[in-house]
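Each of the next two complexes has chain A plus one more chain, namely chain B in the first and chain C in the second.
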Partner chain A sequence: MVSFVEVVITAASFGAAYALLALSINVIYSTSTVLNFAQGEFMMLGGMLGWVFYSALGLPYWLAVVLIAGSMGLVGLAEYLLVVRPLLVRRAADIAIMIATFGAAYVIRTTAALGMGRVERPAKPPLGQAPFVIGGVPILPQSFVVIGITCAVLVLAWWLYSRTTLGLALRAAAFDPDGAQIVGINVDRLNAVTFAGGGILAGIAGLLISPLSYASPWFGITFAISGFAAAIVGGLGSWPGAVAGGLILGLANALMLRYVSGQWGTFATFILLLLVLYVRPTGIFGERIAAKFGTV
Partner chain B sequence: MNTASSFLSVSGLSVSYGQIRAIRDVSLNVFSGEIVAILGANGAGKSTLMKAVAGLVPPAAGNVEIEGRSVSRLPAHQRPGMGVALVPEGRKLFTPLTVEQNLRLGAYSLGQSASRKLVGERMDEVLETFPVLADRLHALAGELSGGQQQMLAIGRALMSKPRLLLLDEPSLGLAPRIVEDVFATLLALNESRDLSVLIAEQNIREALAVADRAYVIQLGKVVIEDDADILFDRKDIEDVYMGRYKDGADREVACDDR
Partner chain C sequence: MTFAGVLAVIAIPLLSGNGYIVQVASLAAIGAIMAVSLGVLYGHSGQLSFAHAAFYGVGAYTTVVLHTQHGLNFFLSLLVGAGLSGAVAFVVGLPTLRLRGNYLAIATMALQLGISEVFVNAKITGGSVGIFGIVRPTIAGISLESPFAYYVLLVIAAVLVIAVAHFLVHSRVGRGLAAIREDETAAGVLGVDAIWYKVSIFTITAMIAGLAGGLFAYQLEYVSPESFNLDWSIAVLSMVIIGGKKSAIGAVLGAVIVTIVTQLLFSVGELQFLIYGLWIIVIMIFLPDGLISIWQTAGRSTARGTNL
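== the complex of A and B ==
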């Protein structure tokens, strides 16, 4: 019983962080159709900036959140303007753009490593370390923060995409950029908006999860693998898919961590990814549902 | 004719795709309230001309003016705001979205400030024009029949209340009876709301029956320009459709040097 509750809480909190990262991947993908491999590094930057603003400088948490959202929005925008947009304008192949985002990821990671060193820094959780005890299991308050904020972001994203004209335009831009432009949608500007939004979401995911793991220039890669796997297992571009994929991978990782060893988390991720793609090449919610709730 | 009332004026327009020159030195006018047809065979350059007017392809030379203002530098997404709406070849509907959502996006150029009421009024007008759409508001656009999709594409364009409607082969893939309906609707819209229409067609007879004037393009150049009823009576009009029209040595040379 104790280990079951432990596994569920670990699965849910890490699953929520993966879902948030998968969501940020979808935000960018479902408008610009760019798979941005720098998202894991955005997450890392969010965690690092969280450590700087909150743990080291001791700013109020809300201010740290605002500063991180602002700076990560700018980082996302910068990546779009400097790396992605020049290639889109020249009608570069999707694969070329993807590789350019790998380059951007590398630059961000290296810059962070040079600036902050290769240390793993424990990030201070905003609600303290004193655990709640549920079913005899001590649970860090931060777990609830991660899960709660992820749920809130999901509701917001669902509302934006299904209930507002901006959300419709974001979906239309991806589906048919020419069709979107002739009704007056500025596709270029929406792309920029989604990169900023993707940066903010991933940065917040990093800020939230760092107290449960640590902040270091290298943790972006680990999370990127899980985040992309979550997005793909769930079905690229699909909102329910991001959540389902995140939770499934969170569960797989938590089970591995509890019963085998933390080292095997990534192994489990890839096995799951392969299994799901064998059975459903479009991911769990790919195509059919994505067409309705997300974008294709 | 008096150019002051020219809503659309295209002069010396050329468009290239890399090495391929798709249209060359095309000049044409659409006067306010007119229906003008662009006729030509496959690959003549009709769609390229429409796209250039809508801003989807940049001109290599020449100029596009809307109400006397040059829009050649204006990006495509700003042209609906100038009163120009394109119903593109292949319709380019947002098929994963519903009919209603497609129509709402048609009013996107009115801006976020456009009130729900205004958008609702526009939608009511469009649904009055195309009553079949009213029954399918919550169906996905991709689930509509070809004819219904064409009506939705026109309806989406009308949502921005354009002054000029650009229609690229609206009859493509439609049954003759549906084509008649669509053209009758265009005529009615043209008469009832001061809407100019530029329509590219291969369906020559149908197009000439509704048009005031027509331009025939062949290999990217205008080869005939005349009143629609005069062209309607010309025996050699079918040759144009087949791309066989020849009118004097100068034009033949012009075509050959491509």
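== the complex of A and C ==
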């Protein structure tokens, strides 16, 4: 029983971080329909920068969060302006854009490895390593940090999306980009905003998860597959789907880690994906979105 | 005329007598087989696969295990390798090919990474170390031990695959796929069973990738997981796009260009993947429809010029 509770808490911690990454994927996808495969690298970079700012330089945690949000917003914006926008302007095929985002992923990964070292770094958790024991179950303090900050970010994102003019414009552009353009919404500028937002969300996800694993320049692709799997298990473009998909992925990974081995995580993710998509080809919450965007 | 030109280009590496040039040309020939295979799948049926390197790897390991480790006939081993790649594609294709566009892209990427993990962790593949001690075969008394002789085999294989691809595209299956690509619903109404056609072409192109993998294993004389990872799937996709997705000649050209660029980048060491990433981005931005589009655009502007 105790070990089961531990698994659930591990699942919720990883699941929360994957949910943030899936959300960042959906934020970008909803407006531009671009699958940005560099987003796993955004998450990796968030973790690496977290190690630099908090563990190595010893800045206060809140300042590290702010600096990571700021720099990852800029990285997302740069990717949009330098890589994705030129392709959207030329009306390039989806596949050309996907491959170009892989190009961006290579650039980010190599830069991180050259700039911050090619090794795995132990990231310092802000509340320390000593587990809290609640009802006989030892819980890592970082689990509270991950789940707490994720919930706060989700509430903030929901507020932005549903209660502000920017959110209204984002929803309009996601629903009908051409129509939004006609009523005076600058879709190009919104895309820029969503890439910056995607960078921030993924970067924070990376910062949060790094004390639970490590910070390493090679983790981006593993993050990417978990985030994209979470996004499509939940249904591409769906916000509740991102949270549900993230938690399902987190649970699957935690169960594999606890009862099988850490070596088969990606294979398990693939099997899970296959099963979910066999039952629901557009993911759990994805029906409406897929009807609109799902065609080749 | 064209035929003589093609023969001349193929012969250059042999006449050069330079081992390095033959090695690069051999890798380009293998890349061409992969690009033609993926070009048929993507260009003609509109299906996206990020898993072609996985099928390539299944073919490579199977061929090596059967031929080098168990002494089965080389061609038979290649065929079984291709067949096993096709079997994996068939099993995975049935549930995934109902998916469209972006969902299929992510599902095949997950398949690629999942199978890469099997290559790294399984015993039969030699784990992350891989399998050494592969010796090129002797066929009908002719030793392919020399890279020059093996290059000839690779060229023959590439020509055969191009012929098969040509046949596929112009066959009943190819026409059905074209109909599905243009309008799946309409094709369905006309009695084209979309899933059956998609699974067939996915399986066939995966078999071709498996064949390429088997041939590759004996070119390199060594197999390890990093030859069969997502990077290789992306490289092949970039060959297809650079060539212009529907043309076999384009795919070959794309394979030659990407192979040469990749080989040149080995010499820059740590910066290799940085430059490779930038190259992919620049190529996608400036040639999103491939090199073929340059000819087409040139042709179109000439035509417009005469109208004026």
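Please note the rule applied: the second predicted complex is superposed on the first by the 286 of 296 C-alpha atoms of A that agree within 3 Å, B and C clash if a C-alpha of one lies under 4 Å from a C-alpha of the other, contacts with A are read in each partner's own complex, and residues count from 1 in each chain.
Throughout what follows, a contact is a pair of C-beta atoms (placed from the backbone, for glycine too) under 8 Å apart; a residue touches a chain by one contact, two chains touch by 3 or more.
What you are looking at is a predicted structure, and each value in this text was computed from that prediction instead of being measured.
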{"item": "First (chain B), second (chain C), both or neither touched by A:Phe175", "value": "first"}
{"item": "Touched partner set for A:Ile185, first chain B, second chain C, both or neither", "value": "first"}
{"item": "First (chain B), second (chain C), both or neither touched by A:Thr165", "value": "first"}
{"item": "Partner contacting more residues of chain A (chain B vs chain C)", "value": "C"}
{"item": "Contact residues common to both interfaces of chain A (with chain B and with chain C)", "value": "295-296"}
{"item": "Of all residues in chain A, those that touch chain C in their complex", "value": "29, 33, 35, 82-83, 86-87, 90, 92-100, 102-107, 109-111, 113-114, 221, 225, 228-229, 231-232, 236, 263-267, 269-271, 273-274, 277-278, 281-283, 290, 293-296"}
{"item": "Of all residues in chain B, those that touch chain A in their complex", "value": "54-56, 75-81, 85-86, 88, 92-97, 101, 104-106, 108-109, 112, 140, 156, 159-160"}
{"item": "Touching residues (chain side chain C, partner chain A) in the complex", "value": "42, 46, 48, 92, 95-96, 98-103, 105-107, 109-111, 113-118, 120-121, 181, 230, 234, 237-238, 241, 270-274, 276-281, 284-285, 288-289"}
{"item": "Parts of chain A lying in touch with chain B, wherever the complex brings them together", "value": "165-166, 168-169, 171-172, 175-176, 178-187, 291-292, 295-296"}
